[in-house]
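Next, two complexes with chain A in common: one pairs it with chain B, the other with chain C.
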Partner chain A sequence: MGVTRTEVKEAAVPLKAKKKTGFLRDIVKNKVLYVMMLPLLVVLFFNNYLPMAGVLIAFKNYQYHGNNFFENFFLSDWVGFRNFEFFTATPDAFTITRNTLGYNFIFIFLGLVVSVFFAILLNEIKNKFLSKFYQASMLLPYFMSWIVVSYIVFALFGEEKGFVNKSLLPALGMQEVSWYADPMKWPFILTFVNIWKLTGYNTVIYIAAIAGIDQEFYEAAIVDGASKWQQIRSITIPLLKTLMIILTLLAVGKVFYSDFGLFFQVPRNTGALYDTTQTIDTYVYNALRNLNDVGMASASGLYQSVCGFVLVMISNLIVRKIDPEQALF
Partner chain B sequence: MKHKDDVQITTVNKLNDIKPFWNGAFNLIFIIYALCCIVPLVLIIGISFTDEKTITVHGYNFIPKVFSLEAYKWVVKTGEAIFRAYGISIFVTIVGTLVSLAIIAMFSYVISRKDFKHRNKFAFIVFFTMIFNGGLVPWYMVYVNILHMNNTIFALIVPSLANAWYVMIMRTFYQTNVPDSLIESAKIDGAGEFRIFIQIVLPLAKAGLATVGLFQCLQYWNDWYLPLMFVDDANLFNLQYLLYKTLAAIQYLSQAANLPQGSQALANLPSETARMAMCTLAIGPIIIAYPFFQKYFVKGLTVGAVKG
Partner chain C sequence: MQKAKRLIGLALVTCMAISMIAGCGKTEEASPSTATNSAVDTSASTGTETLDPVELQWYVVGNGQPNDMDKVLAEVNKYLQPKINATLKLNIFTWGDDFENKMSAKIQSGEKFDITFTSNWACNYQQNAPKGAFVDLTPLMDKYAPKTKELLGEKVIKGASINGKLYAIPTNKEMAHNWGFLINKDMADKYGIDLSTIKKFEDLEPALKIIKEKEGANGVEAFQTLTGESAYRVLDFEKLVDDNVPGAIYGDGRDTKVVNDFATAEAMSLFQTLNKWYKAGYIRKDADTITDYAPARKAGKVFATTASLKPGKDAEQSISDGVNWTQIDITPPRATTREMTGSMQAISKTSPNPERALMFLELMNNDAFLCNLVNYGIEGTHYTKVNDTTIEQTQAGKDNYNNSLQWLFANQFNTYLFTTEDPQKWTKFKEYNASSVASPILGFTFNTENVKTQIAALTAVKKQFMPGLETGKVDPATVVPKFTAKLEAAGLKAAIDEMQKQVDEFVAANK
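So, the complex of A and B:
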């Protein structure tokens, strides 16, 4: 009780100062920890955060005045939403959005059905050696680069020497087909290639989830005389449902993005096929690197980023409602 | 009593096995699908061992009608560019994987420490890159017009160094495998932060490091995107990009084959079989390391997917 008013005042001042410099103090105190974080932060700054600020290019009539980005940026005129108006006025805007969303929804749906189906079946294979072998084979395509995959597709569907045109179709008594000239063939080829490459990966995830199911459920079901099919329908699938919903929602959050390798390498960026093979990602690439149209490329790129951001936020909100553990944030 | 329980469980499990018919049917489905996955690679390898003339007459085929090592001889004889590209691929894969592993391991360790006050803020900085990105154009310009990394080896390494997803995997890994008490007691014993990290934490995180290292290894080895974006200098082509360039050049030239200079240039390019031999060389290391790859890959997938 012997503390005077002045003493209290004096004590409060350093406390306030300490709070202000808390972050700096933490850096001094844990300098080793901060040094350990530094390299990754530097990479993120250049690789991710500087480009985020760079989205402003989309609102400029970007001109090359020199080889320095800042010089180009500040000397170029602001044009507001004109780049977006140009972009939305082209028929491409509709085509690439349709392709990106359409393919993604097909991939999400088929991918889910095929990989859950394979995971459940693989779990029932009695011979563990064979089951491991199947799993290893299914993963093989996932490890191949898109270049190798494009070589395979070319070896199969090439016009002059491809296996399908030279061996398969003649054997079936059918005419040769110009695969790389007919856009209507590609939705099927691309879907098949995508499922082929990713099924192994997704199947492994579901197999791990099935392995995590408590065996007592099945034992109780067997005692009650449940058939295999009943066990799958009433135990396995309901217990996988949460994971299925979450992985689907996370994939839905990414429907504005497409696999550049699949849509660029596999159709070999063939102009005649653009109607069914061009997605937002390949469009942005072609606008930037082949047409040198910075305005169009950055406008379509920002369109993708913003739509993607909104969808990730929405899907994550739903995921968090279902299972906070699985939410991204 | 225990013995009786065991017997009961085995009989129950026996009862629960699927019928032989379904077992056969399931196996058949998987054999067909496994063939779908393996056979296309056999096609590539098969072509690389086939005589060139046979291909001109009969087209591509899975089993060489006429066996020949000509393609590989050609690669060895004239393949200076190929060996160079192979070297670039190996260098980028080793350096990229090690550097990225080091910076990811350090960063995710710090944000996994419960006594580190600002861990959630720094985790968010990484995390936000998963939610929003600036798109291709500004990203490209940062590397070309600010860092001026185009046509340097750095352009093949730096953009893939950091990855938010792997940071999250590593953080989870530390949190579940490195007890706080261990770090506390090391601190009391007077060990410095960095020494604790190197001598105590890293050995406990070996499996996590192997998983992330594997993912990154695959990323660098299979990369063609970064050279496509940033490299024009043929001395810096990696193997994947060289393969891409070769096939693209052949397609372009065969469209121009009726021009005299077109067919001339076409004749100088690697033959069909030589291209497939190059492709086989690109797949080779993955096939050889496959058993190891698969083991850690499956492990990592389960860590990453079930608990992000």
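So, the complex of A and C:
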């Protein structure tokens, strides 16, 4: 009843005033949808926004003088940026940042190219059974934990009993290699492992997007005599562009994070490999693991989040400059 | 509109319900269990009327929760309630990160619990106590734990105190340490190796050569030295922070000068020996990528390794590993802060009943029945008595209640011995304690507050270079200078200077 009355009233008011009440009106109009959204908003608020006050811990010397977390928090002293100093105190600051950013950009680029490549290939396979089979087997590594992957890599490259050293290289008449002692081999191993593990998952997303492309485009192209390659280049890839940009922008926001499992578990935290395997996350773990300092740990988290946030804003800005339609926001 | 209002109301109710659920999570342990309530009536004996029933949460490190924990706790509680009207909830977490991460999460978030295991190597005492995680027991000892105070004695209490305040009760056990080898006795006998000739570290080499030749093909590690669990510790430096941070005084107590122990001549010579052994194949090739020492030892695939020793260590280790070990002492016994703080129980700041927790610890330390019950389980089920002081574990005991934590639970001198152990063990312990030389900085605790930035950076550098050196994988002649240079870039001087300053102040104050 009430709804109808409001609608009638609003329909009568001039355009300017109508715009003012647009949001409220929208809520009333789509109230069922908003109510459905509510539980998620509540979770988002409690899970993601409420704990944000915790970032202030990064600027405190957190001690346990109170009886609970909040008392502890209020009784601890402010220390300004002292908790952030351990980033710059290490002689490895450059190496760590280079590794974190370098690996992430390689992963973003290769991840995109390889996933789209496989998505298009799988889509072109006419035998549905085989197509699904390949897809499932590519997805399998995604569900393995990094610990399992770490042992697979160790079984391959281990120096004592590794498959490569004990079976593969001797069969090829080559010398054994000390894989866990030479940092220069690890950029390749880590990149390969990461692509191997994540491609299946990303491919599924792109396959779904390709499935959503209207078949009429392809039919029209075939009528015009376009080859398979021309169809891919002129229809599939342009129509996937929006999704590629969204996924890449989201990934750019995480370039200051590194997959702890990949960089810590897979090289087994081997000191000799730190030059090419240590990233911000593993450094923070190694440096603070024994110190139990909440303030410093929070500082590292805050630093990564702020850098990631700034990067997303910048890259979104760039995208908007080039093509406003493709920007995230 | 009516509908919308109702929906908003519903949403608000949902919100409140969720926040209530979230709020309730923390208070669950406050409600007394039904078992506690029923026991109040039966425990009308003298002295307990004034005590309310409480449940004590106790967290320790070990092999994880044994299968029969609930059965044993039921017995413990039957015994405990008439005495202090408390029930015990003992939780054993597994070694390493499991215990470490759970305890730091509990402490940092201010979760309510009563007692935790703490030490210089797990749930770090020296870092948590000054930050205020534990109750200061100094004023409570006379009233609630006078017998324990007397039992431990002044030297131990001093060694376990931080700035004169005792925040945890050390386990009454051996209060000194020395370093040496554990040798697989069956293997040594098989090849007729004369162990009596081994007096210092390098003397082990001929034996390793024999084992490598005879057993190398069977996958036996002649000498086990892994990241963290390495032969480096045989140098017995008295570390001021922990194993990861450079800065120590010489373990023989010659002076109180703080040095970067990783760059000393002794360290260099040890690294060279290890490098020689590594090249000869006595040490497994991937030693620097392995941290778990137990599987190879238990499988009987290790001939020799370094270990922290005490009288009867070989027998204790043989029971826990199922391998016939024999020990060779290399360094003389020394009493340092390390032993005094090597195994202790602290009462959490968040404990609702710190006095009762201390009364419980007093009982654990002085009541042999209770101590043995927690250690070995129920007589007749988990073990059988051979005589008054000696027991034999039953199969049920081995499978379902095998903690091997005698050095952790309160008073080791009150615990039963296994038939495989020396009946004179406790006498030898006392002699060992008496024969040890006390460190010149006994009771010193380094306060990391001023140099924690440097300590974080130094720790990361140590983890980069030390695994290669302590397993002999890299050539010390080229790596040690690089290591030192990088430590210096990470603030070594500032850290060492601060250590020296605090040590000097401590020495001056204790003259």
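One rule holds in what follows: the second predicted complex is superposed on the first by the 210 of 329 C-alpha atoms of A that agree within 3 Å, B and C clash if a C-alpha of one lies under 4 Å from a C-alpha of the other, contacts with A are read in each partner's own complex, and residues count from 1 in each chain.
One rule holds for everything that comes next: a residue touches a chain if its C-beta (ideal position, glycine included) is under 8 Å from a C-beta of that chain, and two chains touch if they have at least 3 such contacts.
Values in this document were obtained by computation on a predicted structure and should not be read as measured data.
Within the superposed three-chain model, A:Pro141 lies in touch with chain B and out of touch with chain C [touch as defined at top]. Legend: residue contacts after superposition of the two complexes on their common chain; A:Trp196 is shown touching chain B, with no touch to chain C.
Residue contacts after overlaying the shared chain place A:Tyr274 against chain C, while chain B stays out of touching range.
In the superposed pair of complexes, A:Ala53 makes contact with chain B only, with no contact to chain C.
When the two complexes are overlaid, the chain among chain B and chain C that reaches more residues of chain A is B. After overlaying the two complexes on the shared chain, residue contacts for A:Tyr283 are found with chain C alone; chain B is out of touch. Once chain A of one complex is fitted onto chain A of the other, the partner contacts of A:Val255 are absent, as it touches neither chain B nor chain C.
When the two structures are aligned on the shared chain, A:Gln326 is found in touch with chain B, with no touch to chain C. In the superposition on chain A, A:Leu291 contacts chain C only, with no contact to chain B.
When the two structures are aligned on the shared chain, A:Gln63 is found in touch with chain C, with no touch to chain B.
Put simply, chain A uses residues 39, 46, 67-69, 72, 154, 158, 160, 268, 288-289, 294 to touch chain B in one complex and chain C in the other. Taken in their complex, chain A has these residues touching chain C: 1-3, 6, 28, 31, 35, 38-39, 42, 46, 61-69, 71-72, 82, 85-86, 89-92, 154, 158-160, 178, 180-181, 268-272, 274, 278, 283, 286-294, 296. Across the interface of their complex, chain A is touched by residues 9, 12, 15-18, 22-23, 26-27, 29-31, 33-34, 36-38, 40-41, 43-44, 47, 55-56, 58-62, 102-104, 106-107, 109-111, 113, 116-118, 122, 124-127, 129-142, 145-148, 158-159, 161-162, 167, 192-194, 197, 218, 221-225, 229, 240-241, 243-244, 247-248, 251, 272, 275-276, 279, 282-283, 286, 290, 293-294, 297-298, 301-302, 305-308 of chain B. The touching residues of chain C, when paired with chain A in their complex, are 1-4, 7, 11, 14-15, 18-19, 22, 104, 107-110, 124, 127-128, 131-133, 227, 242, 244, 284-286, 288-289, 349-350, 448-449, 452-457, 459-461, 463-468, 473-474, 486, 489-491.
Against chain B, in their complex, chain A makes its touches with residues 23, 26, 30, 32-34, 36-37, 39-41, 43-44, 46-55, 57-58, 67-70, 72, 118, 121-122, 124-127, 130, 133-141, 143-148, 150-152, 154-156, 158, 160-163, 165-167, 196, 200-201, 204-205, 208-209, 212, 218-219, 222-223, 228, 231, 243, 247, 260-261, 265, 268, 281, 284-285, 288-289, 294, 297-298, 301-302, 304-305, 308-309, 312-313, 325-326, 328-329.
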